[in-house]
Amino acid sequence: MSGNSIGEIFRITTFGESHGEMVGVVVDGCPAGLKIDLAFIQDELNRRRPGQSKITTQRDEKDKVQIVSGVFEGKSTGAPIAAMIHNQDQRSKDYAHIEGAFRPSHADFTYEKKYGHRDHRGGGRSSARETAARVIAGAIAKLLLKEFGIEIYAYVTKVGTIEMPADCKIDLKKIESTIVRCPDLKTAKKMIALIEEVQGRGDTVGGVVSASILGCPAGLGGPVFDKLHADLGKGMLSINAVKGFDIGSGFKGVELHGSEHNDLFEKKNGKIQTKTNHSGGIQGGISNGMDIEFNVAFKPVATIMQKQKSVNKKGKVVEVEGKGRHDPCVVPRAVPIVEAMAAIILADHLLRHRSSRLKMKE
Amino acid sequence: MSGNSIGEIFRITTFGESHGEMVGVVVDGCPAGLKIDLAFIQDELNRRRPGQSKITTQRDEKDKVQIVSGVFEGKSTGAPIAAMIHNQDQRSKDYAHIEGAFRPSHADFTYEKKYGHRDHRGGGRSSARETAARVIAGAIAKLLLKEFGIEIYAYVTKVGTIEMPADCKIDLKKIESTIVRCPDLKTAKKMIALIEEVQGRGDTVGGVVSASILGCPAGLGGPVFDKLHADLGKGMLSINAVKGFDIGSGFKGVELHGSEHNDLFEKKNGKIQTKTNHSGGIQGGISNGMDIEFNVAFKPVATIMQKQKSVNKKGKVVEVEGKGRHDPCVVPRAVPIVEAMAAIILADHLLRHRSSRLKMKE
Amino acid sequence: MSGNSIGEIFRITTFGESHGEMVGVVVDGCPAGLKIDLAFIQDELNRRRPGQSKITTQRDEKDKVQIVSGVFEGKSTGAPIAAMIHNQDQRSKDYAHIEGAFRPSHADFTYEKKYGHRDHRGGGRSSARETAARVIAGAIAKLLLKEFGIEIYAYVTKVGTIEMPADCKIDLKKIESTIVRCPDLKTAKKMIALIEEVQGRGDTVGGVVSASILGCPAGLGGPVFDKLHADLGKGMLSINAVKGFDIGSGFKGVELHGSEHNDLFEKKNGKIQTKTNHSGGIQGGISNGMDIEFNVAFKPVATIMQKQKSVNKKGKVVEVEGKGRHDPCVVPRAVPIVEAMAAIILADHLLRHRSSRLKMKE
Amino acid sequence: MSGNSIGEIFRITTFGESHGEMVGVVVDGCPAGLKIDLAFIQDELNRRRPGQSKITTQRDEKDKVQIVSGVFEGKSTGAPIAAMIHNQDQRSKDYAHIEGAFRPSHADFTYEKKYGHRDHRGGGRSSARETAARVIAGAIAKLLLKEFGIEIYAYVTKVGTIEMPADCKIDLKKIESTIVRCPDLKTAKKMIALIEEVQGRGDTVGGVVSASILGCPAGLGGPVFDKLHADLGKGMLSINAVKGFDIGSGFKGVELHGSEHNDLFEKKNGKIQTKTNHSGGIQGGISNGMDIEFNVAFKPVATIMQKQKSVNKKGKVVEVEGKGRHDPCVVPRAVPIVEAMAAIILADHLLRHRSSRLKMKE
């Protein structure tokens, strides 16, 4: 209830602050018998890792994952899986200057208002460092989903005003081939140039991460409040810097007529499917077997290397300026985080679905 | 866990099908001592009511609310408040023809896949009729919020391609002055004309509902997964036909730079606030005391009065055509539903906030 | 969180007050495809019904159940099943005299302290009338369990100081053959005589209900906090007037040595089982396939037909005396309630178990 | 839902196995601003520590607690508090011989049945070592309760057949003055002698821990399923080796009449209270301001230093015999665990109570 857990059956709880000893996660509800591939989990963390390219923060965090429970002889036992990353290369002194000041569009002011007492070092609990714990949990979720043929891909489709062409066919294999993680290589080049330009000015820029979930069987998702896309939306909106989520035709679809927007059913290769996919793979909150497609809007990073006016706790005017090492654009590193949250939500609904019918078969 | 409840402390559970005996709701966790104004609840239902204007469905449902528990001598007792609306004017025979067919972009197919067995009459549980129960709960939440000075307003800002001008100042008092619930009367007129035109062709069109929450104190919202806008987003995405949600600058904000997008703090009239509100009233998942502003995208209604190809349970090609009485555009009637969901989420976070600090004062 | 719901997957929420319009329940999470036998549910209610014999309250409540959602063509659809009983034969005036007084060992004082505002008529929400809603939910749970071969029997083993002999073999078929529901007919006779004698003096007496769960497969129950007997215990302790719960050897087992108490495993008829059952069918919180056996202690009913000193809201001394029609001993009517709560807890754990392993088969 | 968490607002999740790297706990929902006294937490752990006296296991575990998040400058921040104890002095080889065998009255068989795959070393997750994590969380809960004047004391009242006299006045200050933690020194002496005698035979014996909660305000506890004593009961029954729980008059009270059992209200020193306390401080599930009094039954420890017949995974007869170092009687070390669970449950209900009324004051 305090907001540090998500999921009903596959349920994760994260802990740890940016400049504390570690960030960690407890994954409760992972079924017994799943092979836990530690190298895969580490690879996923490496995709999120700071310092991975010239367009991300230059902080050099190794982010080595350690699993301390719930796994025996390489397989999950059904007990909670606790995993952690010890923090390194913290420069808490980078934050000494802002101890009393409220950085614009950060959570300093709101944490102060909520809790009265806060760990100001590096944003403490509100830091995006917390998402490293989500990536660990997401990697475990991906291993579970893989057993059922479900795969999740996220990629960058927009940075500032530079957008992938609408008619561009997405080649999922190319996502990791550029540092910006846009599968259209032409657009990727422009995005990288823009980020570098913005970074040069000490400024930042926003972007959009899109995702495709392949192989999801029909039937996942709750009927009313826990619609699959509602839970995916919550998962995405809970990621730092996210300001929007839409699925299928999304905000663009509002301009269409029902006669254009409706996805007509057909039987193809012995399987009932839809000719179009404006629904984005979910109808009435439940997956229909088509690819699940959604978009996530990230605002420009709030920490900029420019002087800004603000106030401190006492309401006095102060000047703040980003120190330390920050991302000029969050979307390249957000790709594995979006995938992780999608995997966590889906793993949960996969298990929840097992109670839908009197007798289940999988 | 089965998806029919939402909220942690202020928690509602809805029940009932479109063509069953009633739809109802149990509101658990409403604090004792709240005056329950039945006339207000009925008024809210009337705003959602079918048949209220020429641009909504012509079904004539009185939707009279009845409260059967949790209220004594006009005030909440702390016990669960159960309320219900008996269904009337059901024409189940309007649905006999689609018993075996999967209507395009409805939940027929996905419910069949999930449950194996379903109540096909009027969409059963997947019908938007379920939202009447939410409006009751939302009205109770509004009464609670009002005690703490919080008010919620939703209104239509887009229908098809007709959009309220971006620079238009919103006069909240004008929302209810047109049947389309757009506070800009010029735009409202065009929207109504468009809806009538679309309706004439037996077609439907989508739209956007926006919302403003006034008077929300700083400090509401959970820190990590239960960010206030993540929970608002989930609430909105759980409404039938919703395909997108964004807050503050939202999808448009991705094009901005940090130096433009950051909301600078200032002290004004003795209170710390921000000069701009790109954050939409929430920073780091917690309300900052500014107005909370968000948008909700609704797809065009799936039921159209035109023939469409589909398949039935056996995969055979069939033709379906909307019968009965349906909305050509859902957004005018969605306004009170968006408000209701926002109120339910906020009421929950208002109560959850009471546990944030060692000693609380309100 | 407000205490009116129990269960995680098979989750019930009750509502309604003793002297309100109805008591009801929403059963969420019942799998689709279960045959809902309304006559069976009514039969279960009849076993709990007031006025059923000379040793129960003489209030004549028909308690006719009505199901209003979640069932279509006789089978559950996966949607919430809402059911209700309209209250009849209420004599609120029987309670007018105690409006301001705190009845000894009732919840009048504590509700006043918690909520400030309460429905005093017949105890309102704290009345045992609420358990009628549990019996409905329990009957649905029993129907579900029956599909998996699980049966639940409760029976009276003690009334006041009259106890079934320890070595008495329990013939479950005889439970319903006497009005006191003790399967040992000799003891039953003495119990009935005792209750009549106590009733004659306007007094009341306590008792013990014991239960046997047959056919429960090994593997149900959570490992740490949600141990199967911990959840059964909570369920039982939540029943009005219950003051104790023990399982297997229980309080008596503390006197034994490990060498006597340990249940040795053996293979019999191709199945691993234990020679004795001091564990009561649960080891480490998880069912082991043996019969689950537990006891529930009920205090003497607090409402007596004798004058007692008490105080009112203002702390002034008042005299209270039971009016109306009350049970001299609660255990005969508690039998179906104990069964209902056991069924609800087990149905939940049966469904929860489906997520324990990577691949499930039932 | 997977059973490793308890509490709604003050919610703890434990992780770790007996012979894994560590056992740990995440305490989520502890309000911000609480002084976290690390020395006190360590003291509580020392009370539970193995090897503390001649009548407990001689395993020498230092059990040094480390807090890694949620605390800043000595005070809680509102973020999850994660704490852990690194395991030491594990002798996994003590368990090699039982890898395939099911120890009588342990959880080996049931874990195998539930999960298919288990960590057999030292009982893995089912080991009582897990309760060390509960003691940490309980110590934090105690610090919170202390701020509101609530204190919890547990003590041993029975070992085997040796029981504290019923009329013995309990001097809480004497609990820690003997190694058996029975406040009646005469009885304590007999208990110690009995435990030593049993231990000499390689056998074990059961016992009862009782608890008194002082200073609990009236009003805590949920009304229906989450009755305060139901949640206390669940907490206690979730402790390893517990077979029973009763409150107030408990199992003995069933023999009384209502006229004897009812607790009459009186006004004394300006406060409404009851003359007797058969209710054990809770009426209708809600605390009434009197001391909360309950008992917890512990079975004899299952690991005995004697040969016992059992079967292995394949159903073949094997002989098992306890190796390693085990407790002859669990109750002396169970005292701090009972207190911890009581503190966790109460802390949760203290915070939950804050939402009971429209306007709260504490």
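Going in written order, the chains are labelled A, B, C and D, and every chain counts its residues from 1.
Here is the rule we use: a residue touches a chain if its C-beta (ideal position, glycine included) is under 8 Å from a C-beta of that chain, and two chains touch if they have at least 3 such contacts.
What you see is a predicted model, and the numbers here were worked out from it, not measured in a lab.
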Equivalent interface positions on chain C and chain D, same or different at half: same
Pair sharing more residue contacts (C-beta pairs) when B-D is set against B-C: B-C
Chain C-chain D separation of Cα centroids, rounded to whole Å: 26
Gap in Å, rounded to a whole number, between the CA centres of chain D and chain B: 46
Gap in Å, rounded to a whole number, between the CA centres of chain C and chain B: 39
Chain C, residues touching no fewer than two other chains: 1-2, 4-5, 8-9, 14, 29, 32-33, 78-79, 114-116, 125, 223, 355-357
Graph class of chain-chain contacts, one of line, ring, star, complete, other: complete
Interface residues, chain B side, partner chain A - complex: 1-6, 8-9, 14, 102, 104-107, 109-111, 113-116, 125-126, 130, 158, 160-161, 198, 203-208, 218-227, 229-231, 233-235, 237-238, 240, 243-251, 253-267, 270, 272, 274, 278-280, 282-289, 295, 297-304, 306, 308-311, 315-317, 352-353, 355-357
Residue ranges of chain C touching chain A (in the complex, touch as defined): 1, 8-9, 29, 31-34, 78-79, 144, 147, 223, 351, 354-362
Residues of chain C that touch chain B when the two form their complex: 1-2, 4-5, 8-9, 11, 13-17, 20-24, 26, 28-29, 32-33, 68-70, 72-73, 75-82, 114-119, 124-125
